[in-house]
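For reference, the structures are reproduced in the following blocks.
Look at the two complexes coming up: chain A is in both, with chain B in one and chain C in the other.
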Partner chain A sequence: MKKLTSRIDKERLLLGIAAPVLAVVAALVVTALVILATGKNPGAAFSDMTTYGFASDSQVYILNKATTYYLAGVAVAIGFRMNLFNIGVDGQYRLAAFVAAVLGGALAVPGWIAIPLVIIAAMVTGALWAAIAGVLKVTRGVSEVISTIMLNSIATAIIAYLLQPGKLARLEQGGTVVSTKPLPSSSYFFTIDAGPAGELWGFIVIAVLVGIAYWFVLGRTRFGFDLRTVGQSESAASASGVSVKKMIATSMVISGAVAGLIGMPTLLNDSHAFSNDFPTGIGFTGIAIALLGRNNPVGIALGALLWGFLERTTNHLEFQGYDKEILGVIQGVIVLCVVIAYEVVGRYGLKRQQQKVGAELAAQAAAATKKQEVA
Partner chain B sequence: MKILYGMQQPDEGTITVGGEQVTFTNPGDAIARGIGMVHQHFMLADNLTVLENVVLGAEKLYGIGGKARTKIREISDAYGLGVRPDVLVEELGVADRQRVEILKVLYRGAKTLILDEPTAVLVPQEVDALFDNLRELKAEGLTVIFISHKLGEVLSVADEITVIRRGTTVGTVEPRGTTPKQLAELMVGSELPTPETAESTVTDVPLLEVAGLHLAQTDLEGIERIILDQISFTIHKGEVLGIAGVEGNGQSELVEAIMGMRRPDTGTVTLDGADISATPTRDRREAGIGYIPEDRHRHGLLLEAPLWENRILGHVSERPNSRGPLLDIKAARADTERIVRAYDVRTPGIDVTAASLSGGNQQKLIVGREMSHDPKLLIAAHPTRGVDVGAQAAIWDYIREARREGLAVLLISADLDELIGLSDTLRVMYRGRLVADADPATITPEELGSAMTGAATGHLEHTEDDER
Partner chain C sequence: MRRVAKLSAACIATAALAVTATACGSTSSDNDTDSSSTGGKGGIKIGLAYDVGGRGDRSFNDSAARGADKAKSEFGGSIKELTAKSSDTPADREQRLSDLAQAGYSPIIAVGYTYAPAVAKVAKQFPKTSFGLIDAVVDGKNVDSITFTEEQGSYLAGVAAALKTKKDHVGFIGGVDSPLIKKFEAGYVQGVHDTNKKIKVDTQYLSHGSDTSGFASPDKGEQAAQGMLDNGADVIYSAAGSSGNGAIEAVNGVKGAWAIGVDSDQYEIPGLAKYKNSILTSMVKNVDVGVYDFVKSVKDGKPLAGTNTYSLEKDGVSLSTSGGFLDDIKAKLDAAKKKIVDGSVKVKTTP
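Coming up: the complex of A and B.
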């Protein structure tokens, strides 16, 4: 009996890995066809991507990018585990980064006080912005998809209004870039020097800690169990004594707080200010990465790394005479394939398990009758 | 049955319809071959008329207007169904809705009808009427496959009975010359279980007192409907209180009010001397309420989660599942193994998902889980619905055992034999009120049935006249 249990587990693991691998392979095939259609050689493109992508400076770039993407993936995944589609991660992190940048620029205290304050301000801002959607959902029944999309637009408008010279920002670089007052260098987050390859952002440590906390809280605590219960079946959750509404609001707030962290690697390790060229759209990247990583802390990390890798290498392809739109094609196809592959593999797995259980029980029953006959 | 109706594909084996071997890949194929299914849960749109429901999805056959109406009348008259095409479905009772379902199938030209547990929602008088309809269909040359776990019904309506147990055919018998007992033995493979309880264990210590529960709900059109109307009762330690009633008369809401999932407008719930009227569900569970929900898939299980997580469900704040705010996964898993053994849950392991177990085994897991936290009160809503006869007997045993150990049990069921057999006290619920009470020792299912339709109220006495 024990053997069968472990076999099912191993199979589940295998099936879990099968889906993303299948999706990536399918995406590569489609991409190859697209490159072929443009009259170029896909083989050369892929080999260029591999050699360039694994160069040491690329590795540092990818890890830095992945730090941001990982946080975005986790923020979205918290919602997903609750069956909430927090599209608003995008607005939450931009508003949070903006508030944190303004605060960081205004603070004149030592770094060991300023840095935590900046991070906390970002998390609180993200949490509050997400809480609006959460409260609307539990009190008025407003779909979080609609409200967060709208909140994204509102966040954009608020930032655009405040990020003007004379308000909370000033002109930089000869009048082309509008930016908040830069953080004093004492408030920079530490970096790890990787020699000629560049500097690895220290915020990767925070990202790893967030990943561990995500795994621990969801998998090992009562709160996490309640949260997953609501995500799997609201009716069963309320019958089991979970206050579904409270849980929806709480998880929205947590998702927003993590979303608040997304802008921090860039702000504290790279740009040190919020300007009108601060990266946008990472919230949507987070949705793709959470899907790709199956809301699993390790899976999201792999997804984030893959995304960073694709971005780095396709950028380079452009210089080799390929079309830069290849990136969009690969990413789009991967997400599409992942969703399909999970569905297919999931159904197959469930059916297989049911058959196995049936077969095992039939075997047990047969053995029992045989024993009876002997006795 | 799903295979026969094209909803699932067989691994091997063949289906032959009218001498011709066929394969169905979807329900459409089955319908094209003249096979129609009446599901246990009706698939009707309440806000449409009977005519609209019938033509829905079959508009091509006779259009949606006068021709369709004539056709419906024709079928209705031919088989004595008495269906009125222009009534809204929401105005129909359960039995009428079922006839609409049958008509829907016939309208699509079915020559073979599959009825899945058609009597589960009917009172005895309605069952008789349904059987008359079925005989009519049979007389007109149609084939009926009647699935039921109620032996008496099968024996009275069928011409040939096939017994299926654990996915295999165990025997085919003629109803003439077969007793219910023989049939049941075929089904269980051993002696027939009955829901009889032994001597009374009722004490005079009240455990659950419900007083003056009232719940009204305003529907979308702004009409206020009274769902629970002045419900009061007391269950003592060691007592099983059975509530009979056709589904949808407020039983689910009553259970939800006692569990704290729904707030009644007025009224109090007292558990073991403590007023729990304003207590949240989790605290009520911790205070000792065990809950076997009527719809285990919706309220009792996480279907896609492994068994050991389902063992935690509903008791996450209690040992052995957690210590403080942290889960104790090792202890929870060990305890799941114990439940699986003690309650004979047939599963290859505790890591399989709840969805892969059969209904009976899922239910045994739920019963095991709820009994593992020393409940004082057990709420069992339709505890044996959709479970095989073997599991049914086991679940009855557990309820009897609970009663022996001094638990108070609130039993809600549509199975009148189960209610009469297990209960110490019987109440009948009709349109949100407890309209009648009866002594389970003397009452017959027919007498209960008349109270369930609102025809009789007050204290039901068994009268000799009723025995035909």
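Coming up: the complex of A and C.
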């Protein structure tokens, strides 16, 4: 027992908690000021957010949203750990969801075969799309930031081209909604009935599994170690025998494969088809959430939940007469605060450490001179 | 050490999740006790869920707003307005509608086809609430699907463009290459070519597929219009929500060029007053009529349901004549309209 407590460095623990607390408090203060500036009462807004956000139907909504966001956060975080900025998550998931929806609509096999096939198709599509950027980077040195942004636009164009009546889609009643052939009901992913609160998407289980796999592969395997090493110093990694190019290509592919999963909760649990109103922009939300969660599997989960909470409650704030732009302000402020808070706390911690080491060294030196005097 | 920090983080996360999972019990509707009192007494409580852009887009959403405003001024009551974001998921749209329904708003009007799946779901949950859906069709006893024959109005816009162009070159700018906007394109192109086969029509969409930014990017509209003008087109029809404002601005910079507006009579819109002498006409989609009729039917206790199509014949779509720029070709436009109404010209809905 003593051994365990002695291993807890109180100061580091305190610093670890200080950063997120500082960030949230700062974000709250700034948001309150913004709401005050619009001539409304921030106290009422926050209390409305809490009561509404913790209602049971809100919680189901938040968990469903967080499922999608978590996958997006992990997809981005895999790249981040490698120092790769995969902005292409957005295009990867949309293309993946589209391909998966087309396949799912065409399959006439029992659900236990169809669902894994749909999911695998999505992961493969996402991986292949990301691989283009990975290959360009290792063979031609093209920055992945540029190539993935461009691939996003290309993905949008490809989907727009194929998602047309007569190609891979059909017109819905009324002639305004165009969508792929819906999945047969046997291919729906299971949901958990939460009574009047709605249905909790079963895909949350997959999201948790992805989180565990992310933690295990990065933290507990040689591959993960290599990946993090390359992320911290490419030259050091290659000096120790790690093939940097191979690692870049592989991590891009893995990031893309996870990105392929992002659209799956919506496709398999909610819309059951890819139509022209499929949600967009989740890849970019993923970047914010990965930053918020510091690339940590648990942190990303908290970030995703926070994001879902904010969206749910600020939607309702609009209903209560607040400006709908508040959501964007709060989200932006939180991400900024988190980044700044970690930097500030990190620097403070470093300074404290240096002082401590300095003090210890000084004490040692003093002790040594004293000893000499005695002798 | 690091492991302990991680362990504590894991504990906090689990606790947070547990709170999330167990603190349930009441849904948000149970908590919303005061929201029902926000409406005016005795009047009708109209809930409006706008598409991206919302009130103030000087186009599609504004037209719906006008209908609701008219109903409110006649019947009294209150209007609650919510607006979509371009990053919306189906769940967000459902939330918007069910928030309105829970607060006792009826009728609730969903402006825009992206609401179709949300209306289908929420209308079932609130069978006593009347829902109106614009531009799409959803079956349901309490759903009024309000659609318009955009292709017919656009056909007339095409006839007007063909008669007004001096360079035999016209343009079409669509917001998003969705089936709805393609109806506009199909009608317009057919109208141009039925009038004069030799006229060249440039077509451009501002965004594609799931990217709906083309409905709310005046800068994109301006660039597209500028490109067409540089290319030699001199009449440009834009069906692109608020992006059309940019197109009108660009057209205004070229002498002799005309812009054709959409949805609302854009000649009359104060924000576009500077450019109104370049606005030949607007293909007015009388969303306000559809909205007003629906609200009135609810007020009268006989809510409309099923699909109500507002065609050229019923003046659901029409060309505006403000400014008098169409006066010299009025006879030809009336002749074209007559042909559509009596069925001798069938306007295509897909290009």
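The rule is short, and it goes like this: the second predicted complex is superposed on the first by the 341 of 375 C-alpha atoms of A that agree within 3 Å, B and C clash if a C-alpha of one lies under 4 Å from a C-alpha of the other, contacts with A are read in each partner's own complex, and residues count from 1 in each chain.
Following the convention adopted for this analysis, contacts are C-beta pairs under 8 Å (C-beta built on N, C-alpha and C of every residue); 3 or more make two chains touch, one makes a residue touch a chain.
Just so you know, these numbers come straight off a predicted model, no measurement behind them.
S.K.: Using the superposition on chain A described above, determine whether A:360 touches chain B (first), chain C (second), both, or neither.
M.R.: Only chain B; A:360 stays clear of chain C.
S.K.: Give one of first, second, both or neither to describe whether A:311 is in contact with chain B, with chain C, with both, or with none.
M.R.: After superposition on chain A, A:311 lies in contact with chain C alone.
S.K.: Under the stated touch criterion, name the partner, chain B or chain C, that contacts more residues in chain A.
M.R.: In the superposed model, C touches more residues of chain A.
S.K.: One more residue to check, A:63. First (chain B), second (chain C), both or neither?
M.R.: Touch status of A:63: second partner only.
S.K.: Of the two partner chains, chain B (first) and chain C (second), which one does A:140 touch, if any: first, second, both, or neither?
M.R.: In the superposed model, A:140 contacts neither chain B nor chain C.
S.K.: Can you give me the overlap between the chain B contact set and the chain C contact set on chain A?
M.R.: Chain A residues touching both partners: 8-9.
S.K.: Write out the stretch or stretches of chain A touching chain B in their complex.
M.R.: Counting only chain A, the residues touching chain B are 1-2, 4-5, 8-9, 219-226, 228-229, 232-233, 235-236, 238-243, 350, 353-354, 356-358, 360-362, 364-365.
S.K.: Where on chain B is chain A touching in the complex?
M.R.: Listed in rising order, the residues are 166-167, 259-261, 280-285, 291, 293, 298-305, 309, 312-317, 322, 325-327, 329, 346-353, 355-357.
S.K.: Across the complex, what residues on chain C touch chain A?
M.R.: 1, 4-6, 8-10, 13, 16-17, 20-21, 23-31, 35, 80, 82-83, 85-92, 95-96, 99-100, 103, 113-114, 116-117, 135-139, 145, 147, 176-180, 183, 207-211, 307, 349-350
S.K.: Under the touch definition given earlier, write down the residues of chain A that touch chain C in their complex.
M.R.: Spelled out, the residues of chain A in touch with chain C are 7-9, 12-13, 16, 51-52, 54-59, 61-65, 68, 94, 156-157, 159-161, 163, 165, 171-178, 194, 196-197, 266, 270-271, 275-282, 285, 296, 298-299, 301-302, 305, 311-312, 315-316, 318-320, 324.
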